[in-house]
Structure formats: structure tokens, C-alpha cells
Amino acid sequence: MLPFVGRRALTAIPTLFLVTVMVFGIQRSLPGDPALILAGEQQDPEVIAFIREKYRLNDPLPVQYLAWVAQLARGDLGRSLRTNERVLDLIAAKLPVTIELALLSLLVAVAIALPLGMLAAVRRGTAIDYGSTMAALTGLSVPNFWLGIMLILFVSVRLGWLPASGYVPLSEGVWENVKRMIMPAFVLGTGLAAVLMRQMRSSMLGVLKQDFVRTAHAKGQRGAAVVIRHAARNALIPVTTILGLQLGALLSGAVLTEQVFTIPGFGKLIVDAVFNRDYAVVQGVVLITATSYILINLLVDLTYAVLDPRIGAK
Amino acid sequence: MSVTVRVERPVETAAPTGGPFGRPLSRLFKRPPAVIGALVVLLFVVVAALAPVLAPYDPAKPDFANVRQPPSAEYRFGTDEIGRDVLTRTIYGARASLLAGVISVLIATGLGVPLGLVSGFYRGALDELIMRLTDAVLSFPFLILAIAMAAALGPSLTNAMIAIGIATTPTFIRLTRAQVLAVGAEEFVTAARALGATGARIIWRHVLPNCVAPLLVQATLTIAQAVIAESALSFLGLGVQPPTPSWGGMLNTAKNFLVQAPWMAIYPGLSIFFTVLAFNLFGDGLRDALDPRDD
Amino acid sequence: MGRYVRRSFAILAAAALFSAALAQTTLRIGLAEDPDILDPALARTYVGRIVFASLCDKLFDIDTSATVVPQLATGYTVSDDGLTVTIDIRQGVLFHDGTAMDAEAVKYSLDRAKNLPGSNRASELEQLESVTVVDEDTVELHLSTPFSPLIAQLADRAGMIVSPTAAEAAGEEFGNAPVCAGPFRFVERVAQDRIVLERFEDYWDADAISIDRVVFLPIPDSSVRLANLQSGDLQMIERPAPTDLTVMRADSNLVVPSVASLGYQGITVNLSNPEPRTDPLSSDVRVREALELAIDRNTINDVVFGGEFIVGNQPVPPSSPWYVADMPVPERDVERARALLDEAGVDRVPFEMMVANNPEAIRVGEVIQAMAGEVGFDITLRATEFATALDLQEQGQYAAFPVGWSGRIDPDGNIHQFHTCEGALNESGFCDPEVDRLLNEARAAGNNDDRFELYRQALERYLPDRHIIYLYHTQLFFPHTAAVQGFQAYPDGLIRLQGVSLQ
């Protein structure tokens, strides 16, 4: 196992290198100039010139890129052009929020998707199957921002059960924190559940037909036990792949949900930074999400080995 | 990914069939939900194609005297925030939304499946390169890619479709590759190789048929996500340009009038919902029909 | 066991702190955007100014009718040649760090605003040559040319006085924890989440302040901002969607004070930025007049803004003392517009109109597109995100752009930089030396009647050119819960908490 992890860590280096080139290149190819934005309504030419000079925006792109990489090598992600905060501080403030929301959403998704998917596969072709499919798809086909606003209007404004939005750190009380996370996690989770549920059903169907499951049945083991002990375990492998991809996407892709519930996570940070052409922030956050993504997928691969000992590392 | 997957009993494999799209098509139409799904998709396609004939009004023409009017005999689905007919816009909206969903998934599969096949089948340095690129794109936030695309090419529906397509490509590469790896270890593939069959022939006859089922499931779900992604992009000014309607864009506008004018959200919302559902039922039926083990 | 007890204590302590916090009065305000850097010299956003209103007092302020009144200054005199302005400083005022706000601090702050590299205030204080300290509570400002708008500039960010001790110590970090002499002191900021201020006990006007804590929360979506207000999570919001006003007025728990803003919204037409353009819209004033006559301003207001805004045709709203009444808002006239197009020898006029990609701006664009289409304009809308739009505007790569200006207290701020040949915000490329002369004279004139006459003469020259077609003026709304009492709306759109209490 350890050599496997080591080898994977090595392959992360070219990936991260590609990511630095992509984020740098894509950003600089965008129209728009951070200096124009920072110069505000007044558009004072002297301010514009000063900012271009200060952030070395006039340097040739390769020089700017190398300067950034050199800075990275010193463990410095730079400062936000917009608010002058350290990018590292920004990330440190938002990482726990982002991770908490992502994990809670996955929890919601898994809690919905796995039982529904298993049920649908076992009762294939029945009303239960179609019903579960419909239920899962409802979550997928309703846009997150819309569901979010509906929930706020109903649960918070009409019923007054939960706060409408905002974020309170765990240190200020677990319940204070969780009650603000329930609705966003639900919104994100229901969106994810459909994909997971369909994949679970699909791979369960495949597994259920296989010899070892049939054998288990033939040996007289009861249905539910077979499903859970043998079939579900094997069916989880492709599901885990999807889960890994989704978790990666959640780190930076929960923008609209974060916006509706005003949760200060990565998604909002990165989109605002792109729109403000806040280069240092975009570069820093993309690098961190890419690293997390690679880590998550390493974990996914390790999970394969746990779920199915036949898949091992050479 | 340099882990070698040894699978003694693979997840889903099959003996050789007559190519990926042979016999199974006829089996598809024995499944009622799949047929219903196909019919609904077809219905929306027809509606989109015949929009100028079916729609009672001009989708871009506002009636300033009738802003945010509830459904009536004159305006069956009511009017929107500047007095345009919601029914007309829902009909025309099918065009942009269906195109966004279908074309972007075609782009994603068109790029992703061949790359995944090559990557999984030939392995080696090529595999390494493709996987590193895949990882890099996957770990890259979708919206940055999309904004960059729109900025480089100019905002339009086409560019939104390309952006969504490219952003979803890695999923298809990885799914295909994983499936190829599972199949590649199979005895019949090893046997075919030993008998001197060419790579292309093995891929076509043995590998591809086994990839189709999970890919279809993913593709149908991705169409749905693409329809919704289109709405996010139009909102950012990267999709269809006003006043051209799309369901996602209509829903996005409607979210500011949920209390005062709920009909603005209901019809495009239901259209998205039924389209997504139909694609999934259809895809599900296809999956079952194509599953070579299912006899 | 030991660990368990320790943890329980920690929870108890946290709970105690929390309930103590609850006992205070906390005002939570929802902002439409996340403010930028909180350094008065570098700041540039409107929402940033809302936060500054609680954080940093200025030499001067305005009252609810936009008249300049003293704040950290107590009065001023202008020399006969208009080149020296003597300002008396309020005595006994302390900064949040306990140091004294005196003439030295005023000189330091003005010098800083003018000279800090990258300062967005430098252009506002262009005419300021130097500041001399006369005594502990008097400074003299020496100007290069007479400049009437100066005092109005000092009633905004340029006049905010910062603690020299803190500014020197913090250097570039100053904007991350600003130290001023306002009614509230800075506590913390979590980017895109909240800015927390607490009451400054030693504030010079402490009696006017009864709120203990202010929390500003950026919530970009107007529906969500309103929902938070209705659910009681917020006590006040700014810039609600005008179309939500019916909902808010129907809610007995909400109060919706409002005031006309100082700014304007209009269509900027590109005439010659960077080069003279040859298309009919840019090159023929009759075509632009036809465009103006094709547009019904009241329809825009009614359809997009629920009739809540104010239609207009000048850089200042009709309610302003600087509005020229004998040049009223023109009515829509399709026949005359059509005739003008015929006269210009054009049948259909196609052009691309860039619009900001927010729902309201797009709606305004769609309404204009429909109305102008009836006369003969084939407008293609191009929804463009902010940074790209700025860039295209700077490079002159646009034909027409409906865009606004947040407004300044002195009319000079709404006019000079847009209509003078070298004006920094003259994105249209309009140039008329006579207009330059009139607007420069208006800056130097000391008497308001003389200034009004000069602005009127300039208006008569630049308005008929229609390189900016003024359309409407924003009405500013500050919906708050009934628990908030004593709040008044100011035309600069800032939220002042003097006299505000929370029941």
C-alpha cells in the first residue's frame, strides 16, 4: 500500500504543474484588467498605472508566471488584489466551511441514494423502482438556487424554523452552526443523490446477476443479507468513483447554493475573484482545490482496495 | 493512475456481441418506461422544431400593458417580468435548452469516450498524459473554464455548449477507462489478442459494448446537468443572449418573482423536470436493452 | 473524565460569552455586495462607503437634503482668491486607538489621501497643493486653482481622518483593520461573510449612538436579502429589488424609508473613443435624437422598476437644485423619431448595445430594444460581465452602453469628468472646447448662482448632442424592521446610525 501511495504522490506533480499553467494561462487570456477594477468609478490613469506596476502586470507573461511559481516555492500564495488580505488567510478561513458543507451534502446524498438505489435494483421494473427513480430525479432536475430560495421562503420566512442564511463557526456552538447548514446541505445533497442513486441501481443490477450472488442465493441465504453483504459491497465500487468526482466538484462548484445561503465557502470566493480579476486569489484557490481533489481521488482508490480486496495495488 | 487493476470477476462484462448497437435496439421498445421517455423527448424536440408554428406570440415582443399577469385566456401561461408570453417563451426555450443539453453531452462523449478507450486500452505514456490532463481539467473549477471560453470566443449558446461539454469530458474519459480496464483483463479479450486481432477491432467488438451501459446512464444524467448548467451560464451572461429565451434563463429570472408571479417559474421548471426525467427513463431503458448479459 | 470536565467548562464559557453577546443590541445590515478594502484612501465601492459611515468620520458630512454640514471640522473659510481654505477642527476628538484627532492628524490624512501610492482620492484632491498646520485645531489647505467642489469632496472618503499612529504602524495592512474616529470601531472581517463593528465608547458624539454592535453581511441576491429581513435574521437591507416593494409595504413588520439618489442612469453612446466612428448612431446626431424619442422613460420605470424610480434627462435628478427646469424630460414621439431617421437617410439602424449582466440591466436593455425596434433600431443586446465591460469601455469597443453613475454631492462630480475633452470618465469621446471652458469656470466660481448659470449654459451645449442619453434616477430604499427606530435615509445612500436605536 505505501509504495502505491508514494507513486500516486509522484504523479500528482505533473498534474499540479498542468494546473498552474492552466490557471495562469486561462486567467491572463481573459479580457478585463484588475487595474481598471481597482481604480473604481474614478478611473484615475495614475492609479491604473500604479497598480499595473505594483502587481507587475506589465511584465511579460512568462516572467509573471515564474515569479508566481517562485513565490509558491516559498509557501507564499500572495495577497488579494482586491482586499489586500493574504490568500493563505482567506483559504484558511474558508476551507473548514467548504469541507463541512461538502461532507454534510454527501451525507445527505448517500443517505438518500444508497437505500433508494438498492431498493430500485432489487425491485427492478416495479412501481418501487420507478418511484425511487422519480424521487431521485426530482432533486436533480430542480436547480439548486431555486430550491434554496423556496426553502428559505417556506422554512425560514413562513415557518420561522431555521435561520434564512449565514454561517456561524462551530466554535460558536454546534447547533448554531448546524441549523444554518441543514438547508444548504439538503439542497446540494438532493442534487447529488440522483446521480448516486442511478449509479447505485445500475451497478447493483450488474452485481445481482453475477455468479457469486446467485451462489449465495442458492446456498439459501436470505435476500436482504445477500444484497447487503455481497451485492451492495461490490456495487459500491463505481459508486465510490462518482462520489469522489462529486466531492471534488463540491469544493469549488457549490457557488449558487453558497450564494443563496450566503455561506462563505470556496465557490463564492473563486467566482467573485474571477469576476474581479483577483489573480492571486484565483490562482491560490484553484491550486488548493486541485490538491484536495487529487487527495480525494487517492482516497477513493484506497477505498477500492478496502471494498474489494481483489483490486490491489501491484 | 498507475495502479493496475486486477479483476478476476469483473463488474459488468459480456461475451462478444454483434457490435455495440446490434440486436439491443429492438429490445428497447419492449420496455414501456423507455418508450414513454423516448416519446416525451421526441415531443419536446418536435415542439422546439415547430416553435414558430406552435407559439401564439413573438417570444421577444413585450406587452408593457400586461406585465406579470397571471394565466388567462389571452396568455395561457401568464406573462413575464416585461410582459412577454410565458407559453411562447417556454416553447421557444425548448430550443436553447435541448441544444445545450444534448450538444454539450455529444461533445463530452465525442471527446471523452475515444480518449478513455485509447487511454485504457493502450496504457503506457499516452495513458499517463491523458490521465494527467483529465485530472488537471477535473480539478479545475467549471465556471473558470466556462468564463474563459466565453471570454475567448464571445458569449453565445454555442460557446456555452462547448464549455459545458469540455468541462464534463473528464467524467466520460474516466468512466470509459475504468470500464476498459475491467474488460481488458477478461479472458475473451486476452484470447482475441492472442489470436492476433487488431486493437481497433478488439475495442469495437469487445470493449465498447461493455462500456455503453454505464456511459449511457452517465450521459442521460449529464444532459440534465447541462440543461441546468446552461441556466447558470446565461445568468453570468455567457449563454443565450437576451431576449432569446431558455428554460434555465427563464427560471433564473423567475426566482426574483417567486412570490408575486409564481407562473413565471412553474412552466420552465416543469419543462426542465420532464425533459430530465424523460432522458433518464429513455437512458435507463437503453441501459437495460444494451446490457449484453440480460437475456 | 478530566478531559470531559475541561470540555464542559469550555462549552459553558462559550455559552456564557454567547448570551452576553445576545444581551447587547446588535444591528445586522444586509449589503448587496462585499465591500472592497477598508482603507479610505484606496477604497472604491459604494458598499464600502456604507461601512465607512459607521467607522470613519469625515471633516464634513451632509444632511438629509444633501447640504454640507460640519462633522470633524467645525467650520471653514475660503480666502478671497479662492486659493486658501482654512478649516477649524473639532476639539477633544479621539481615534479608536485613543490618540488625539488634531490638526496634525488632519494634515497627515489629507497628505496620505493625496500621496499614498495608488490612492483613489488623489484625483479628487487634484487641486490641493499642500496642507499647513496653523495650530492644534486649525489647518490651511492651499489650492492650485480655486475649486468650489472641495468641501463636498471632504464630505466623502477624501475627508476621512485616520489615526496617524495606526496608519504608520500598519502600513499596507491598514485597510485590514482601519483605525478612525467614527462612532464604531473595527472588530473583525471575514471576507464575503461579515464585517463586525462595535460601539466606540469615547466617540465625540457618543450620546447619538445607542447600538452596541453593527454587523454588515454581504448578500448579493435581492430575494435572499429580503427573505433574511422578513425572517428576522437581518434588521435592515439596502438596495432591495424595486419590484419587491409591494411585498415589503404589505408586511406590517417592515418600514421602507427612501430617498432620491444623487446619481443618474443613462445610455452612453460611443462617438469617437478611441477613433471617430462612422456608423449612423455615432456620426449623426439626428439618429441619436430619434433613439431618445423612441424611448418612453416612464415605461422603463413602470415595467422594470415598478414605477419606483424617477425619470430624468439631466445629470442630476429633477428634485436637485441644480436641475435646469426649462429643459424638461422629453416625451416619447415615434412619428418625430421616424421622421428624423428619414431625414438622416437611414431606414433601419442596427447596433450592438452592451448591457451589464444583472437581471435589472438586462430588463432595461430588453425594454429599450423593444421600444426602439418599433421606430427602426435593430438592437443586439450583449450581456457582459463587469470586468469585461470595463475593459471594452476603456478600449472603446462598444457602440452603446446603458450605464450609471452613483452620484456626488457637488454637481461637478456628475458632470465635469464626463463631458470635458480630457475627462477621465469621458468614455464617449465627446469634445467641445466651449463646454470645457464653461465647466472649468463652474469649478472656480464661488457663488452658487453663477455656477448654476454656467452649468445651464454647458447643458444647453452638451445635452442636445445626446452622447449620454439620461434616462432615470435611482430611488434608494432602506427597508428595515419596525424594531429599528430613528433611521433616516440620506441621498448619498449611506447608512448613518446616529440617532438610530433598536427596540
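Labels A, B and C are assigned to the chains in the order they are written; within every chain, residues are numbered from 1.
In the analysis below, contacts are C-beta pairs under 8 Å (C-beta built on N, C-alpha and C of every residue); 3 or more make two chains touch, one makes a residue touch a chain.
Every value quoted in this text rests on a predicted model; they were computed, and no experiment measured them.
Taking the mean of each chain's C-alpha atoms as its centre, the chain lying closest to the overall protein C-alpha centroid is A. Counting C-beta pairs in contact, the pair that comes out ahead of the other among B-C and A-B is A-B. Ranked by distance of CA centroids from chain A, the top chain is C.
Centre-to-centre separation of chain A and chain C, using mean CA positions: 37 Å. Averaged Cα coordinates give chain B a centre that lies 45 Å from the centre of chain C. Inter-chain centre distance (chain A to chain B, centres taken as mean C-alpha positions): 20 Å. Counting only residues that touch two or more partner chains, chain A has 30-32, 145, 149, 153. Within chain B, the positions touching two or more other chains are listed as 147, 151, 252, 255, 258-259. Looking at chain C, one finds that residues 223, 385, 388 touch two or more other chains.
Within the complex formed with chain A, the chain C residues making contact are 14-15, 18, 34, 36-37, 39, 43-45, 117-120, 122-124, 172-173, 175-176, 190-193, 217-221, 223-224, 227-228, 230-233, 385-388, 390-392, 394, 405-406, 417, 424-425. On chain A, the positions that touch chain B within their shared complex are 4, 7-8, 11, 14-15, 18-19, 22-23, 26-27, 29-32, 130, 133-134, 137-138, 140-143, 145-146, 149-150, 153, 194-195, 198-199, 202-203, 205-207, 209-212, 234, 237-238, 241, 245, 248-249, 252-253, 255-256, 267, 270-271, 274, 282, 286, 289-290, 293-294, 297, 301, 310-314. Residue ranges on chain C touching chain B, taken from their complex, read 222-223, 241, 243-244, 246-247, 299, 302-304, 355, 357, 359, 362-363, 365-367, 369-370, 380-385, 388. Contact residues on chain A toward chain C in their complex (touch as defined above): 30-33, 36-47, 50-51, 54, 80, 82-85, 90, 93-94, 145, 149, 152-153, 156-157, 160, 163-167, 171-173, 259-262, 264, 268-269, 272, 275-277. Those residues of chain B that touch chain C in the shared complex are 60-62, 64, 67, 81-83, 147, 151, 155, 235-238, 241-243, 252-253, 255-260.
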